[in-house]
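Read through the structures below before going on.
Each of the two complexes below includes chain A, the first together with chain B, the second together with chain C.
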Partner chain A sequence: MTTAKPVDVNGNAIEGHSHDDHHHEHPDGPFIAHHFETAEQQFDSGKLGMWLFLVQEILFFSGLFVAYIIYRNHNPEIFEAAHVHLDKWLGGLNTLVLLFSSLTMAWAVRCSQLEQHLGAVINIVITMVCANIFLGVKAIEYTHKWELGLFWASAYTYGQPQGDHPPYLLWISAPFIICTLVSTMLAIYFRVTASDFWFKFFLCMAISFSGYFGGLGIAWAMPSAEHADHGSAHGEVHASADPGHNASGENHEDDDHNGQPSDEHAKDEHAKDEHAKDEHAGDEHAGDEHAGESTHDQQKQEVNMGGFFSIYYIMTGLHAIHIIAGIIALTWLLYRVLALHFRKNYFGPVENVGLYWHLVDLIWIYLFPMMYLIH
Partner chain B sequence: MSHNSQHSEDHAYFSHPMPVWMMLAVFVALVSLTVLTVIMSELTEALMIGQWELWVSMGIATVKALLVIFFFMHVLYDKSFNRLMFFSSFLFAALFIALTLLDSYQYQDDISSFPVSERPDRLVGGQ
Partner chain C sequence: MSIAKQREKLFGHAPETNFLTESKGWASWLCTLDHKRIGIMYLIGVMGAFCLAGIFALILRIELFTPGQMFLGNQTYNRMFTLHGAIMVFVFIIPSIPAALGNFVLPVMLGAKDVAFPRLNLASFYLWMGGTFFFIVSMVSNALDTGWTFYTPYSVQTSTAVIAATTGVFILGFSSIFTGLNFIVTVNTMRPPGMTWFKMPLMLWALYSTAIIQVLATPVLAITGLLLMAERIIGLGIFDPALGGDPVLFQHFFWFYSHPAVYIMILPAMGIISELIAVHAQKKIFGYDFIAYSSIAIALLSFLVWGHHMFTSGQSEMVIVIFSALTFSVAIPSAVKVFNWVATLYKGSIALTTPMCYALSFIFLFGIGGLTGLPLGTLSTDIHLHDTYFVVAHFHYVMVGGTLIAFLGGLFHWWPKMFGRMYNERGGQWGALLVFVGFNVTFFPQFIMGSRGMPRRYARYDPEYQIFHQLSTIGAIILGIGLLIAGYVLITSLYRGKRAPGNPWGAATLEFQCCSPPTFHNFEHDVIVNDPYDYSSIEFDEKVDGYVPVEPAPAEESAPNPLPAETT
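== the complex of A and B ==
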């Protein structure tokens, strides 16, 4: 993103000579391509392309929504059993973080439309910080599940004794640690060499990436276990009111040791409930009448809960990849805003990245109740 | 598209900056609805909504989605063609979901009646 144009790193001088070495400049400004009659025409074309891209995004995400809906329709009990492992407070926190980032993104669009460059920079940086906070909270959620063996179906080992696990959180944080350190060092380097533009750029990047560690801290500080009230009106999920299940909060050490036995118990109860429930439905347990078979049921349910977590990981993981792509797009915007590229008749990139960012928010708005608020 | 101007200086700018109060109001509404949906999921029993809980929470999510679409995404002020295109994607997503769901119910009885003893122990993956 930094090499394409012979850019003056101070940004100010770019207008005069960036394009006229090969073409005459468009009357509407240096960033309007010559095949567009007006800046507005270019803006509309770009926005049409962005909408088409977003339509495609919705359609491919809808495939995952179909998987979720069909799996839930045919196996509602698995979702009721599995949702206790998701912390609705962390999910709710992440929802608020994303909503706030949508606000700052919309504000960044407004600022660049009005040529308020400082405001645009501030809002874009806040949006990036929020994106990193989101990923930090998600990292805590994911790694905590992995430590308990709550993997996707083929690797699901919950309830089995967990041996030494790799330092998942360190692994998943490594890219953020590296990015923060590199950005900080570059900021210091450009400060020393008095390169004001790049100093600002990397300072903003370091601030953005540090949001990840803020997210880790917030997720750690959330007293989730106390809040977790997984009791339910449905008889068949009463087992999940067991405190062992509630330990799916964030106190790692405790529930690895204390949680397991009661979890086993809870699941056993649950399996019996399923057994009782499914019998009159003539469903899969129709054959086994005796309680001795409940270990078999339990095994089956664990595998199926792995199925839930397959859907959970693919949906939230794909969403997280979109967040990362959004951070990359926002980095590009940050560069261009600092270079003062945007003006009253040229703000399409901010607008279009904004549309993308709101769509990512939109998908999370649905994922949150679908995953975290199941009863 | 207006071609009534040659120079950007006197161009009636095509941007439509959203007023700050509107952005903040939409944000407050979104946060309130998020808090509401969490509270409702906490109070499912007290509110006696039971099985409707899913529909209530999806309804709230849809209201939130519409707020984001119309205000943050500027669809309220966008061109009708963009609007049509965007909302048509939801139509096709709905068709996709509904038809697949209908189809899956056609053979679900056969799957359920398949004797459990003949099923493989692990349907997905394996250890």
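== the complex of A and C ==
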């Protein structure tokens, strides 16, 4: 990887970009489109376009942040009570993993600018490994909650006897298992057929996907506070004779004061949608319909805690989808870096994927305290 | 002398091909990266959607001819007005001017070879196709009946195809975002030397302002659609009070996009009108800076007024007063534009060409549409007028009387540039006149019955409103005939029209410096950027049956005979 001449997948030098109407190469290089005057103009356009895309992304998430603010403003006690189910250590670990991946991403951009292709490949692979670790940890967090019945509002069954559930972790891991196996097999195949380019590519991919299992392992091995929290919160909800009592963990001494005004709020609400509540109670607690006021309030609380998880799942879920999109973009970059496409006057794609990656990181930086670190 | 030789005189050498003949076959169109071809594909697509939704409108109007049921059941009626609204708004009006006309004219007016991201441009077109496909799926499977606004909780409860329609809206939203993103970047980075911000034609300022709204507002609609789908599929509960959510939150999200979307519709229309008025009155535009800045001002203010759709939905009094005041403030930049157009017309040499007919209609109709917005922004009157036909008439005056009329005006203005053919001027004028008359007969009675209490979206009504409904239906038929004539005039021009000169109207903007239709690269020579509204150095030349710049004085001695109009 010392030559700067771009090659195609068979190792032949690329002569020009085949446009349907344009076969002559741009004077600034093979990857400068014909409608741009200079490489610099193309770079500036691409970068401005990416910034606008990021603005669009921020507004896309802004709707969810608004939903969070309104829901939390309506039900502050629910957030206090529900967030103990989130493991702040796993969240913190993921924060560190993403911060580190931003460092390697920025480093990959620098390497591309300096035409250090090996460095760019290494840094991109580390970034992808980090992305996969993040998803592995997230998979453990999600599946653990699902096993306890901590679903979104309408499916929330926490505290009820959980019947047999599907093997959530296996399902969610299946795509990663397949990707890892396929990448490994292709790497071996191309090693055997001596196709150096694709061997390197799929080796890098296999390493990247194996990060997911690293994430699973780390989350599994972490001395997690989650299980303890679940135990206590679980016990408290059901042992509580006082329907207004919060289902918080033992680490929130001032909960009772916070809980008081919101209980009144809860009762007002309760009067308004009594009918709906009855139906709902009927769905989930067949036979509990006549249990009276206290069951209703408890039901309300349970349902609202489901509301917290609605917001949790939609925000972190969309964020995870953006991580997956980032992995796809990084895969494309990996291909192009290995094909030696980038040089001093053409590294826009690395820079732009980097910008995207930093934004995904930044959104998590907001999600982590908003979800995990509430007091 | 042949057309090719004429061109040689005008452009130094005769371009052998133009963008229409550059390459042949379906694939050369479907995989094209040329902004002009993408614009034309968009044009065909949005016109198809317009015809479909227009037929729905006609069926609705005919059903409303009598107070009782004629042939549409209540449920069918609900589905039909929903699809009329949703297809018109999301599939037709929003992409009509920016994506169809804008795609064609923006790079040429700017003096660029293409938009900054041609592949993104094509992707945007295919996203539009995909979104439209989902709308059609929704239409043929279990047609939507929520109204185009998808208000919860009904949209969560109804059994109709909300998810297909929401998916369509989501995809169309990204189509719109990518178009806007492309335009902002193109205007920022693709301007040729000499093309400063204040030498840009006002159409570009308008498209730029539109693009800002498209990029900033549409993602909120996307997330709203996603939340609505999650609400229906898994019972997320964010809009469901039974699960601790808030249904009014949906309205806030929806209108945070959909009010700015009204300006996505009207701003590019205002851009077109700024061009048409100046060119067809052959007078320098009055108050260029004010028109340019007022576009940006409208774009920014558009984000601050969404709450005026929810005066009766349960907002705090403080909030509705603030929203009401901000709503009035939008009237200022809009009025600035109208006054400047009228001042441009003053002492201009007005030619009543078809585009000018549409431009004059626009000023009149947009004036009514804008002014009737004020009683709707006023709290006390809005309580009375909310959800009546007054609102229906108001937004049709803005969307149809404003956007559609300007779209047609722009289409007639740039048609010779797009296809290289002149249309029958007389036919075009008749079409414009019938559209104007038909439109007013359709919607003016709706103001009256609305102010007398006729609610919108009702399939049946009291006999006291019958006369207004019948007028409205007759008007709709006249409007339909007018539009058919306009379409006929344009389509026959492709076969029987005279060949268009490079500059048939005497415009000074750059798209009229290149030949009609433009070549693949738009310009055969480096563009010379002049004042886009300075008509002093352009004069009519009989030899080419069009306008030419004065200075080069295209070789009079070598062309002794005026050219006969060539037809094919």
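Keep in mind that, in the parts below, the second predicted complex is superposed on the first by the 289 of 375 C-alpha atoms of A that agree within 3 Å, B and C clash if a C-alpha of one lies under 4 Å from a C-alpha of the other, contacts with A are read in each partner's own complex, and residues count from 1 in each chain.
Rule of thumb we're sticking to: a contact is a pair of C-beta atoms (placed from the backbone, for glycine too) under 8 Å apart; a residue touches a chain by one contact, two chains touch by 3 or more.
Just so we're clear, the structure is a prediction, and the values are computed from it rather than from any experiment.
Q: In the overlay, answer first, second, both or neither for which of chain B and chain C A:G163 touches.
A: neither
Q: Considering only the touch criterion stated at the top, classify A:A33 as touching first (chain B), second (chain C), both, or neither.
A: second
Q: Is A:S310 touching the first partner chain B, the second partner chain C, both, or neither of them?
A: Both: A:S310 reaches chain B and chain C.
Q: Now for A:A106: first (chain B), second (chain C), both, or neither, which partner does it touch?
A: After superposition on chain A, A:A106 lies in contact with chain B alone.
Q: Name the contact category of A:V55: first (chain B only), second (chain C only), both, or neither.
A: both
Q: Is A:N75 touching anything from chain B or chain C once the two structures are fitted on A? First, second, both or neither.
A: second
Q: According to the stated criteria, A:S45 is in contact with first (chain B), second (chain C), both, or neither; which is it?
A: second
Q: Residues of chain A touched by chain B versus by chain C: which partner has the larger set?
A: Touching more residues of chain A than the other partner does is B.
Q: Where on chain A do the contacts from chain B and from chain C line up?
A: Touching chain B and chain C on chain A: residues 41, 44, 48, 52, 55, 59, 62-63, 66, 70, 74, 152-155, 303, 306-307, 310.
Q: In their complex, what parts of chain B are in touch with chain A?
A: Touch residues, chain B against chain A: 1-3, 5-8, 11, 13-18, 20, 23-24, 26-27, 30-31, 34, 37-38, 41-42, 44-45, 50, 53-54, 57-58, 60-61, 64-65, 68-69, 71-74, 78-79, 81-82, 85-86, 88-90, 92-93, 96-97, 100-101, 104-105, 108, 112-113, 115-117, 119, 121-127.
Q: For the complex, give me every residue of chain A touching chain B.
A: It is residues 27-29, 37-41, 43-44, 47-48, 51-52, 54-55, 58-59, 62-63, 65-66, 69-70, 73-74, 88, 92, 95-96, 99-100, 102-103, 105-107, 109-110, 113-114, 152-156, 229, 231-233, 282-288, 299, 303, 306-307, 310, 344-345, 347, 351, 354-355, 358-359, 361-362, 365-366, 368-370, 373-375 of chain A that touch chain B.
Q: Once bound in the complex, which stretches of chain C touch chain A?
A: Going by the criterion above, the answer is residues 22-23, 28, 31-33, 112-114, 116-118, 120, 177, 181-182, 184-186, 188-190, 215-220, 222-224, 226-227, 230, 234-238, 240-246, 249, 252-253, 520.
Q: In the complex formed with chain C, which residues of chain A make contact?
A: Interface residues on the chain A side: 19-21, 33-35, 41, 44-45, 48-49, 52-53, 55-57, 59-64, 66-67, 70-71, 74-75, 78, 152-155, 269, 272-273, 276-277, 279-280, 300, 303-304, 306-307, 310-311, 314, 318.
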